[in-house]
Each structure stands twice: as structure tokens, then as C-alpha cells.
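Multiple structures are listed underneath, in C-alpha cells.
Shared chain: subunit A. Partners: subunit B in the first complex, subunit C in the second.
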Partner chain A sequence: MKKILSYIFGRIITVLLYLSGSVTSIIVVLIVIFLFSEGSGLFGKKPTEEGFIMAVNKTNNVKHLDAEQIKLIFDGEITNWKKVGGRNDSIILFRMDNITDFFTEEQRENPDSVIKLLGENYERLPQCISRVVEANPGIIAFVGKKYIDKNFAGKELKIDKITISDFLFGKLWFPTAHPVAVFGALPLLLGTFWVSIFAILFALPLGLATAIYMAEVAHPTVRNILKPVIELLAGIPSVVYGFFGLVVVVPFIQNTFNLPVGETALAGSIILGIMALPTIITISEDAIRTTPRSMKEASLALGATHWQTIFKVILPYSSSGITAGAILGIGRAIGETMAVLMVTGNAAVIPHTLLEPVRTIPATIAAELGEASQGGLHYEALFTLGCILFIITMIVNLAVEIISSRNKRVAS
Partner chain B sequence: MTKSINQQIAFWILRIMSSLVVLFLVLILGFIISKGIGVINWKFLTTMPEDGMTKGGIYPAIIGTFCLVGGSMLFAFPIGVMSGIFIHEYAPNGFFKRFVQLMTNNLAGVPSIVFGLFGMSLFVNKLHFGDSIIAGSLTLGLLVLPVVIRTTEEALKSVNDSFRLASYGLGASKLQTIWRVVLPIATPNIITGLILSIGRVSGETAPILFTVAAYYLPKLPTSMYDQVMALPYHLYVLSTSGTDIKASRDMAYGTALVLVAIVLIANLIANALRKFLSKKVKMN
Partner chain C sequence: MYKIESKDVNLYYGEHHALKNISLQMKANTVTALIGPSGCGKSTYLRLLNRMNDLIENVRIEGTVLIDNKDIYARGIKIDELRKKVGMVFQKPNPFPKTIFENVAYGLRVNGISNKSYIEERVTRSLQNAALWEEVKDKLKKSAFELSGGQQQRLCIARALAIEPSIVLMDEPASALDPISTAKIEELIYELKDKYTIVIVTHNMQQAARVSDRTAFFYIGEVVEYNDTKEIFTNPKNQRTQNYITGRFG
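This part shows the complex of A and B:
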């Protein structure tokens, strides 16, 4: 009896172990499902608010506009229909709240005639809108659907649905703009890469030098000091790095370069570089250590100095491990949220220099998710950004996996 | 001759660059400690924030972080250790094991903000936990799971195979061997990993932004469905979006120091434990 019980107990434990062994795989799959199901909802939807349409004069030959064009039109940056593929005619903006601008001066001055035109409870508003749209050939009207009756004298302008390429290559990120929200993630993508690449450019030489020093040159006592230092650097929370950046690095950059604001890509790169150091150092050091002793000794026996051996034998041998460390460092930098959010200034514009504010994908999610209503376009767009981030880190991980497995094969 | 001069120059460059790395740490820690040490006293640690978080203490944030660390460890520790045992002791070498390891690595590389998004959509919205300790703890638990798995794996790897073989030789089953022989030897190393992951969890901000953290909530949680304040988010709020950022700077320095202190203490304990253990092993 006791034997049976302990057998059953053993079986149960084994099953539990198998279950918990696959738990990470399940979580990864769940993350994929949730992220992509929430994020993919964005595509194929119209970027306007529910219940509103764009109307133009019947003679207008423009058939459809995309969100970016409408945003630029309503911002007054595009003022002629020619720019969006129409005839040469200037654009007249019409929103519900500036309807009185289209009345004649007498009509506007006289409250009675305003009431006569609009109706006491705005019941004549549809006809009024219809008249205004008919009278102005260059008009573009943003009106609620309920004010469009069947005798409407204008025509509805088609608004392009959001596509993947719009999202990836759109240059404007205005998720809460009126009348249309514009989701162009290009500035965020470029901002993320911009900050991360400069972070690595600064962290890689430093990290590599430290790794070589620790693995080859340093006295064991020095190494025993350096190791906990690097562990601590890795352990400091990102929000503390962000705070340090905000209080020390940002004012320093502002004063040194005489800038109006110190929250710049440079500040982000410096902080991210420091944060990426531990990853680069640990992985490169491990890679350097795997160099077989016989290779080192062969080089030394041929009369090479220690430095020549490091430079000509050890570094080439461990180059794939070092590459893996650098890629993983970039991956960490791309995904870092809080520190970047606090020091880069968060302006969603395509960066040109290091001394201007940028905004990264993780910072955008962290800053905007709180104010986006659940299930709305903005919410879905942020999840789509999360998908992009997830895909990037998956690529980074797989690349590292491939590089290090190749390294193992070479070693054996 | 030039060869050895070259080497001297190269080694000095390496030394200077390595000391730059040390300098970064000294700068950051020195700055936080020197600015924060004056703020920290018993009252700061045990009273509620006052006057729009410009005065008073950070008591609720400390308690909140404590709850989150406890909750996430309750979730991640058993599952992570079991998963580590599975990968190292049970899984047959082959595709499945490699796949599980790959997935664990992938999960470790997922950015913390993505965990935040996932936690929000699964725990907060789909399972209707709302912004609560349980949602935040589970999200943080998922985040440290790969860390726990990896340290368990490493700890098991360091157990010499002769122990296992000796146990099998005495007629013990696999489970008995793991439970009576392997785990007792590996436990201290596993605990070291646990302590380090506590340091990690207590500093994470992005995953709790949308799953639990409250901007200002001067009361203690009563159930696991309550929102709490947490130290890292509190520091973020104080330094970027508080009611009066200049006036709350001191509070921010203090909070940053408490956070750094948690990480420092965790590292110190882990290191001491490691040193103590390596001595013990040598004696055997």
C-alpha cells in the first residue's frame, strides 16, 4: 500500500515538473496571443471618431485622403487641393463650431437670422451644412453623420483605413489629434534605434575593454573588486538610473551645449550605455574565457607578447561571443523604458542630431497607455507598438542563439 | 622593445577604461547616497506622504513594494525552481529541452514594458482583477520567472554528478535523489539567486505602471485586490510628475536611496552567502 502511494506521489510530482517545465513556453505563447490580438485590431479601421465623416463639394475630384493628409489639412499645412491630387483650389476648412464663419456679415450680426438659418434647436442644421458645402467648391467639412440627410448636396470623402505600411512608415504620431488620429510609428522606431545605437557605440568599447581587462590582465584581487561592481551596475533599478540622468546628466548636457532643454537623445544614450555595460561585459568576458589555453600558449611560445596574443588570437577567437554580447546589449537598450522616458524629452519627431529630444517605443507605451481608453484606437496602436518591440527582441534573442550555437560548434 | 611598450600602452588603456566603469558606479551611488542620507530617518520610513508628497514619508510605498515582492516570489519561486529541476534533471536531451531553454531565454529578453502590456490585458482586463496587488504580483512574477529558472539550473549544474550516482547506487529513486541529495546541496545557491531576484523585482517600474501602482494612496492595502503605491513608481512620480517637483526633490532623493539600499543589501547578502558557501564546499 505504501509503495503504491509513493508511486502515485512520484507520478504526480513528475507531471507537475513537466508542467512547470513548459510554463515559460506557455507564457511566451500567451504574450504573443494577447499582444497580437489587441494590437492587430488597429489595422483596417478608420482613424476618425465613430459617427463622423468628411464631406466635400460634389465638384471636388479628390476621392480619398489618408489620415496624415487630413491632419496636415486641418493644421493648415496643406492649403491647396493640388497637393493631395485634386484641382488647383484652396482648401476651406469647416468644422461644426465655425459654421457661423460661412454666414454673411449681416446674418452673423443679427441673432434672429442666425436662428432662422439654423433653426431654434438646430433642427435646420443639416440643410445649412448642405448649403455651405454646396456653395464652397474648396470646402472640406468634418461633420457628424447625424447632420447629413438624404438631400445632402456634397459628397462623402473616403478616408483611408489604417494599414501596416502607414503605421510603420508614417512620419506623424498624433494619437489623440482631432479630427483624425494619426498613427505613424516611424519617428518612434527611428528614435528607439537612434538612442540605442549611440548607447552601444559608447558602451561597446568600454565594455569590451573591461571584459578583456578582467579576463586577461587584471590581478585576481582587482577582478574580485570589479565583479561585484558590475553586478551592482546591473542591479540598480532603471528608474534610479532615470532619476540620476534627470538630476545630473540632463542639466550637465544643457549647460555644456547651451541648449534650451537638456532632455535629449544624448542623455538617453549615455544612461542606456551605462545600463548596457553589465550585459556586454559579462557575456564578452565569458566568451574571452572560452579561448582554449593551448591556443594562447601556442601564440606566446611563438614569441608574441601578451597583448599581441589578446589582439591577434583571443579576440578573433571570441569575436562571435562578443558580437552576441553587443547584440544582447542593443536588445536591452531598445526595450528599456523608465530611464529613457525620464531623460529623452519624449518629442515624437524624427531625430537628426543627438542634441534634440526623441521618443522611443517603450517610452511611448509607458507615457500614453494610462490615458488611452481600453479597446480604443489609441490603445490598440500602443499594443501594436508592443508587438513591434516583442518582435525586435525575439529577433535579437534568436540572433544571439544562432551566433552562440555556431560558436559552440567551432569550439568543439 | 616596441612590442613591450605597445603592450604597456594597451594595458594602461584597458585599465583606464575599466576604472571608468567603476567611476560610473561610484558617481551614481555616491550621488544618491550623499543626497539621500540626510533625508532618511525613522519618520521618513514610517509615515504617510503629506502636502502633495513634498513632506512626510514613504511608508505606503515601502509596504506596497513589500507586498509586490512577496506576491511575485510566492508565484515565481515554486514554479521557477520546479521548472529548473525539470530542465536540468528530468528533460531528456533533445528537441524539447532545447525548445524550453530557448523559450526561457526569449522570455528573459522580453522588455519589461511588454510584460506591463501583457499583464494589463490578461490580469487587469481579461481576468477582471483590476489594478490590484495580485495583478501586479503576477506580472512581476512572470518577469522574474526566467531569472529563477536560470539560477536553479546553474545551482543544479554545480552539484557534482558523483553525488547523484552514489545515491542511485544506494538504490534511491530519481525523485528521492533530487529531494534528499541534489536539492540540499543546491539550495543555498538557489537562495542566492532568489535574493538577487528580490532586488530586481523591487526596482521594476514598467510592469507595475498599469497593473497596480497608485499615484497617491495614503493608506495600507487590506486585500490583494487593492491598489498600492510602490517605491520605484513613487520615485518616478516624485521626479517627473509630482505636484511640486522642486519641493519634492528631497523626498525623491530619499526614495532613490531606499531603492538603491534594497539592491545593495540584496547583493551584499548574496555575495556573503556565496563566499560562505565556497568555503564550506572546500572543507568537504
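This part shows the complex of A and C:
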């Protein structure tokens, strides 16, 4: 009887373990599928609202425009058709709200003639728009499809669909711009890149120095105090780091460099660097300590000094472990959201110096997801950013995996 | 005059009294074998001669150790200078994860030698002296890990010889090797005697008998008997020595 019970008990445990393992795996796979299915919806869509078209005069030889060009035209930054491949003619913007601008002064002054032109309930608006478009060779009109007359005198301008290369290399990120949204993730990618790279440039030397000190120089008592303190650093919530950055680092940068605002890429790099330190220190220190004693003794027995031994034997021997630590540190920096969001200033522009505000991919997702309507273009674009982030961190983890497996091979 | 001379050396690992009143003298260009059961202090004594024991915490040393009539534990002695003079070969082959060439050149480079042709010449000569040259001359740029265990150990000997020490300490240099490699190392030790003073720790009685001129028998931190190798093996004065070399304990 007892035997059967313990057998059943064993079976139940096995089933439970099996279940928890498979459930976890399924959840992870589902999340990835969800991420990519939401994120891939962006491509092949028009970056404008459904039911609206871009119309130009029939004589206009421009056939299509991309989102970035339209955005610049409507911002008044491109004012001549020549710049977008058309003839030399200045661009006239037309929006539904300012149709009366195209009336003569006389028409505008007289309410009766306005009604006559547009109709009581705007029923003559389509014809009116058609006439306006016909009359102005340089016009570009953003109108709803329902206001397009059967005998529309203009022609529809094609808007380029969103492509992967537009998304990755586009220089403008205006997800809520009107009439077209512009999804160029380059500023965000560069922002992430800059902040992470400089974080690691700052954290790696410091972390490596600390690791060498702890593993090779420090007295065991010092090491036994230092190590838990550094591991404690990893346990501080990132929002606290962000708060620290906001209160200490940001004003410091603002005063030191005499800037209008202190929320800059530099502030983000410093905070991320501090956050990456525990990872770098712990992993590097472990790598340094696993250098076989026989290697150190061999070097010392040849008359090398302690420092020569550290630089010529210990560091090369533990280099793959140190690299793994650095890459994991970068991985943490790339994915970090809250602290960066708090200190980098969040301007989605391509940074030229470290002393400018930048915006990273995770910060963008965190900041914008709340205001993006579910299923909309903006929402999908944020998921695409999530996919990019996922791919980057996956590459980082793969790199660590490859490097540490090579390390194991060398050790054996 | 003796090359190495220790007088009443005591060594403590914390509370543990590991070496007790060791007094040994070794002449230049001789091979001295240190034998004895495990834990008897022979390796500790060997590591005393190039101050390798300094790496261990809680070590206390009393007495004097003279090399070329200089106290190597005196104040102001540069340990790295001492270790250039007193080379060491370890129990397990421990080449660096570098090329064969760089392994041998390492000692020269850390000594600040950067003349390329000089380094090449010294590396070649050291590999020749370690009887490894013929086997590796075509693959100097290959990793030292590609060599067999016996070759690696001879590489470690070449590495030690490259900085031209006058003393070579060997801590059971053949214990991890097969009989053929062991024979090669023993042959090598015999040849090296002309140029170097060699102190070798070994567990192998036959090896001690074959390669050494003098033998010291260590037992629980003491030197029980120190004499010409021939005398020790044919006519030991002490009963414990006799028991040990005839294999009755140890």
C-alpha cells in the first residue's frame, strides 16, 4: 500500500514538473509570437488615416511621396515641388479647415456666396474642392475620400507604404503627426546605441579595475565587505537609480557644462553605467578568480611581477569571461527603461553630442504606449520597436553564450 | 662554497609546524633529490628557495636561506630578481594559453627584453636545451596546448631555462607523465647538470637514484638523512630511511 502511494506521489510530482516546464515554455513562445505578430503589422500600410487621400493638380508630375516628405511639406519645411522631384513651383497647402482661404475676398466677405459655394450643409464641398485643386497648380490637398467629387479635377497622389528600411533608417519619429505619421526609428536606435555604448565605455574600465582589485589586490577582509556591497547595487530598483540621476547627475551635468537642460545622453550613460557595474564586476571577478593558480605561479616563477602577471597572464586568460560580463552589462543597458526615461530628456532626434537629449527604444515604448490607440499604426510601430529590442538583446545573449562556451572549451 | 645553503629553517603554516630546523647545503652543478612521503615538507622546502611560499597566507619563516651566499629572505631583496635566478618547473605542465614561441619568450619579455632577434635566438637555444626543438621547430606559432603532456613539460623546462637561471627547482616534474616522457625528462636533467644546479622533488625512488648526486630524505618536516645518493640507497644510516626506500612505508 505504502509502495503504491509513494509511486503515485512520484508520478504526480513528475507530472507537475513536466507541466510547469511546458507551461513556462509555451508562455515564452506565445509572448514572442504576440510581439512579432503585432509588430509586423506596421509594414505595408499607408502611414495615413483610413479614408483620406492626398490630392494634387492634374498637371503636377509628382506621382508619389513618402511620409517624411509629406510631413516636411505640411510643416512648411519643403516649399517647392522641385525638392520632391516635381517642377519648379511653390507648394500650396490645402486643409479642409482653411478652404475659405482659397475664395476671393469678395466671396469670403459675403456669407451668401459662401453658402452658395459650399451649400447649406456643405453638400457642394466636393465640387468646391475639385475647383480649388484645379485652379492651383502647386496645391497639395489632404481630404477625406467622401469629399472627392465623381468628376474630381485633380489626381490622387500615392503615399508610399511603410517599409522596413523606412522604419529602420528614417530620421524622423513623429508617430502622431497629421496628416501622416512618420515612423523613422533611427533616432531611437541611435539614442539607444549612444547611451549604451557610452555607458559601457564608462562602466567597463571602472568595473574591470574594481574586479582586478577585488580578485588580486584587496585583502580578503576588504573583499568580503566589498563584494556584498557591490551585489547590493544590483538589487536597487531602477526607478531609484533614475531618481538619483534626476536629483544628482542631471543638475551636475547642467551646471558643469552650462547647459539649458541637464537631461542628456550623458546623464543616461552615467546612470546606466552605474547600473551595469555590478554585472560587470561580479562576472569579471569570477573570471579572474578562475585563472588557475598554476598559471599565476608559472608567471611569478619566471620573475614576472604581480602586475605583469595580472596584465600578461590573468587578464588574457579571463578575457572571455570579462567580455561576457561586458556584453551582459550592455544587454542590461540596452533594455533598461525607467532610469533612462527619467534622465535622458526624451527627445526623439538624432544626437550629435552626448550633451543633447536622446530617447531610447524602451523609453519610447514606455512613454508612448499609453497614448497610442490599440491596433492603430502608432501602437503597431511601438510593437515593432519591441521586436527590434528583442532581437538586439537576443543577439547579445547569444554572443555571451558563444563566448562563454568557447571559454569552457579552452579551460577543458 | 655552497650554491644553496639553509640554516635552521623553520616554517609554519599558521599553527602547523611544516619544516623543522632544516639545514641543507647544495653545491653548484649538482642534482639534489628531495624524497619522502606526502606531506613531509619536501615541496614546501623547494618552494622556499624561490620564495613561492610567499603567495600563501599565514606563512611564517625562521632561519636563513642563502643562495650564492646571499640571504634571500633579507630585507630589500627583490623577489622577481630572485626568481629570475631560481627557475622552477611544476608538477603539472602549466604552459600559458599562448603559442609555443610566446611561452618560452614570456620570461624574456617580462624582463624587458624586446630585441626580436635576441629573443628568437634565446627561444631556440632554450628549446634545444630542453630537447624539444626538433619536435616543435615547425610549429612555433601553434598553441602550446596542442603539445602532448611530456612535450608541454619540456616546454615548461625550456621556459624556465630561457631566462638563464643558475638554479632550477623541479617539483615532481615527471609525476604526470608516461614512462617514455619521464625517461626523456630524466635524460634532460642529467644533461642540464653541467650548467645548472638542480633541486628535484620526487616520489619515485628509482628516479632519485638515477638522476641525483645527493639525496635528502624528509619525514614529517625534518630531514632524516642527507647524503650522497649512492650512500642513501645502498647504505642508509637511518632505519626510517631504509624503510622508506625499500617501500615498507610511504
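Rule of thumb we're sticking to: the second predicted complex is superposed on the first by the 403 of 412 C-alpha atoms of A that agree within 3 Å, B and C clash if a C-alpha of one lies under 4 Å from a C-alpha of the other, contacts with A are read in each partner's own complex, and residues count from 1 in each chain.
Here is the rule we use: a residue touches a chain if its C-beta (ideal position, glycine included) is under 8 Å from a C-beta of that chain, and two chains touch if they have at least 3 such contacts.
Since we're looking at a predicted model, the values are computed, not measured.
Student: Looking at the overlay, does A:Glu77 come into contact with subunit B only (first), subunit C only (second), both, or neither?
Tutor: A:Glu77 contacts neither subunit B nor subunit C.
Student: Does the superposition put A:Leu300 against subunit B (first), subunit C (second), both, or neither?
Tutor: In the superposition, A:Leu300 contacts subunit C only.
Student: Have a look at where A:Thr393 lands relative to subunit B and subunit C in the superposition and call it first, second, both or neither.
Tutor: A:Thr393 sits against subunit B, while subunit C stays out of touch.
Student: Just checking: does A:Glu109 make contact with subunit B only, subunit C only, both, or neither of them? Give me first, second, both or neither.
Tutor: In the superposition, A:Glu109 touches no partner, neither subunit B nor subunit C.
Student: Touching A:Glu371 in the superposition: subunit B (first), subunit C (second), both, neither?
Tutor: Neither partner.
Student: For A:Lys312, using the defined touch cut-off, is the partner it touches subunit B, subunit C, both, or neither? Pick first, second, both or neither.
Tutor: So A:Lys312 only meets subunit C here.
Student: Output check: A:Pro292 vs subunit B and subunit C. Expected answer is one of first, second, both, neither. What do you get?
Tutor: Only subunit C is touched by A:Pro292; subunit B is not.
Student: Check whether subunit B or subunit C contacts more residues of subunit A in the superposed model.
Tutor: Between subunit B and subunit C, the winner on subunit A residue contacts is B.
Student: So which positions on subunit A get touched by both subunit B and subunit C?
Tutor: 305, 308
Student: For subunit B, which residues count as touching subunit A in their complex?
Tutor: 3-4, 6-7, 10-11, 13-15, 17-18, 20-22, 24-25, 27-29, 31-32, 78-80, 82-83, 85-87, 90-91, 99-100, 102-107, 109-114, 116-118, 120-122, 125-126, 142, 145-146, 149, 173, 175, 196, 199-200, 202-206, 209-210, 232-233, 235-236, 239-240, 249, 252, 256, 259-260, 263-264, 266-267, 271
Student: Could you list, by residue number, the parts of subunit A that touch subunit B in their complex?
Tutor: So the residues of subunit A in touch with subunit B come to 10, 13-14, 16-18, 20-25, 27-28, 30-31, 34-35, 38, 205-207, 209-210, 212-214, 217-218, 225-226, 228-233, 235-244, 246-248, 274, 277, 281, 305-308, 310-311, 328, 331, 334-338, 342, 362, 365-366, 369-370, 374, 382-383, 386, 389-390, 393-394, 396-397, 401.
Student: Would you mind writing out the residues of subunit C in touch with subunit A in their complex?
Tutor: Answer in residue numbers: 50, 52, 55, 57, 80-81, 83-84, 87-88, 90, 92, 94-98, 106-107, 109-111, 156, 159-160, 163.
Student: Which stretch or stretches of subunit A touch subunit C in the complex?
Tutor: Listed in rising order, the residues are 220, 292, 294-305, 308, 312-313, 316-317, 410.
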